[in-house]
């Protein structure tokens, strides 16, 4: 465990060092992050100009959701996307060989190689907005809600990681298929708004088949601490269960893919 | 011009073949154009429920269904992505070999654009039909409105392509500005009526949207094809303004292209 | 006990057969036709500690497949292999720590980072103690003369500089067994020579066992005392370099110096004429006919001097593999 952490810290340190050399790009990208957030705030402004609430979500609630969406989107692009893109490239180019030559678990190794440091701005901006929305709603940010929120976010990132790992593993079979990640982005787009806006059958699908509800809606709801948005006292437990199942399935798929890559299954 | 047309034809055939080869990926891309309007429909129809009038900008639920269904089609027709790519082309020098061809790189890009839209039709049409069946849109268009709406759709597509290509040329001066595409996309989203009919936007933004070209690419053809929303006089004015903006875009393209090329060859030469 | 031993090793790949055309590609979605390719087909050899062995053979002969099996990247279909007592494809971390594989055509350095960062990461993946990492790095940097390029983005390095950095990173953990797959590919001749020199020294100083494949005969002739020739998954030859020509070449080269001019003597009837100057001739003849041709030449012509040689190794190899090497 300490070895794993020290390894991660080496990769992060290398990323930070090299990032420092591109300060200009950092400012451009900060600007882009703020721009994204402004566009999302304009969307919220527009929605609540036309209606007082949507399926129980009021304006302050929606601010929390927008903040969470930005955090998740930023976090995915900071760690998960760059690593999974690289492993897909490695599979295609045959450079995955070098990963397999290392005395290190392959799945762990391919998941920690890349960090897009400036995406931290998304985490900070999104997090601030979520806390602000929570404060507007509750006039305080209760400690227990905050802890619950952190737990839900951990579960959310676990699920997202599992989905991406599975997508990357699919490349072991469909080597020529590029842009497989569009599968994710297409569905993720639906997470900009709470799952409650969708018809019941789609809500179920987005909760248990592609667990988008656990990725955006439920963490946001947990910070608001109001019932009626799908949040129940058992929700964190279910979220962790979903995360656990997702990660086990994805790891299995990745392992089978690796065996196929090494010709062990043929 | 004849040479350009012949080149367009040749590129078109080549790109059609490429698209067929990569149909799996093309499918994944084209679905994106479906998801966004579908999500917006779900959100706005849910919002309409709890708004006092059960309407958003005078669209009821079935009206919103029609609006976002047609917006999917319009979005497909107007898709253009040079504004995302040009910075990369300029930075990496990919543009240089393209400049060696005797025709403008734009023709090649246009061929790719059309090939993509034609090939993906076979994926998206069934999805459009499925979406229509699911949401039950209300159409009131007369034959005239369909005809004029179709013309407006093509003019809008041409305008969207040409204007975005012209804007993409800013990359000659700011090749590192990767955000250019995203900014342009956001403008189309809000000021074009892709997010919601312009009347529903906050007043200041709506005012801005009325004087910008984006509504003529998206909202105008969409409302014509739904029917019963644009009067005959406004339709003619709209078609006229589409042509005015198209001319403007063409002039803008010519100006930026030749100025940019001078700069590009001076810098990279 | 040899350091590497391979017995009856075989690897068969199932490759989907792709047909052109739209209909065929639709059909292949439902029913794929496969064909079996025997990349390695029952090979044996053993290698002792400290040896440098060259693998020769045309593209697709099975050289890389063999290296990949030995480095644990591929599972063989059948057969056995032991390297330092380990079964490579079990991929025990203890084993992986003691070997290294370099693929000249594929980079393991991060394209956007300076090489030194890739080295640092490599060091921590192998859990190298700081002290050991420093000394090894300093030594390799000095030997490879890459001090100036360490902090440059790998993307901006020349091919030769990059290859030296690739070699450096593969040796940071001081492997005992080294698999080098085309380590000099694409770099210029002077750089090839320097890389060769480095490999030889490394082998001498650290006693590392090295298996090398290369397209450049010079790499092999300069470095390897022993050669294993592989073709179509089989071992054609395994032995010292000089013997290779003797065993594999179906030809001999007869060189003669003459006292007088030839005066239209029909040499071509005896064999392929390689050189024909006024009083100097060399002929290539099938091995079995060498003796008879020699005696005929001696009786017919006024021969001052005559030697029978094996053809140069480059010729042997390119003749043995003939058309295949161009595939």
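Odds and ends about this structure:
The first chain written gets the first letter, and so on, giving A, B and C; residue counts start at 1 in each chain.
Basically, contacts are C-beta pairs under 8 Å (C-beta built on N, C-alpha and C of every residue); 3 or more make two chains touch, one makes a residue touch a chain.
No experiment lies behind these values; they were computed from the predicted model shown.
Under the stated contact rule, the graph of chain-to-chain touches is a line, running from one end chain to the other without closing.
Chain nearest the geometric middle of the protein is A, using mean C-alpha positions.
Chain A and chain B have Cα centroids separated by 29 Å.
We define each chain's centre as the mean of its Cα atoms; on that basis chain B and chain C are separated by 56 Å.
We define each chain's centre as the mean of its Cα atoms; on that basis chain A and chain C are separated by 46 Å.
If you check the complex, the residues on chain B that touch chain A are 22, 24-25, 28-29, 31-32, 35-36, 39, 42-43, 46-51, 56-57, 176-179, 182-183, 186, 189-190, 195-196, 200-202, 205.
Partner chain A is touched in their complex by these residues of chain C: 11-14, 68, 71-75, 77, 89, 91, 93-94, 96-97, 99-101, 103, 106-108, 112-114, 117, 120-121, 124-127. Within the complex formed with chain B, the chain A residues making contact are 24-25, 28-29, 31-32, 35-36, 39, 42-43, 45-47, 49-55, 174, 177-180, 182-183, 185-187, 189-190, 192-193, 196-199, 202. Here chain A touches chain C in the complex through residues 3, 6-7, 10-11, 14, 17-18, 93-95, 97-98, 100-104, 109, 262-264, 266, going by the rule given at the top.
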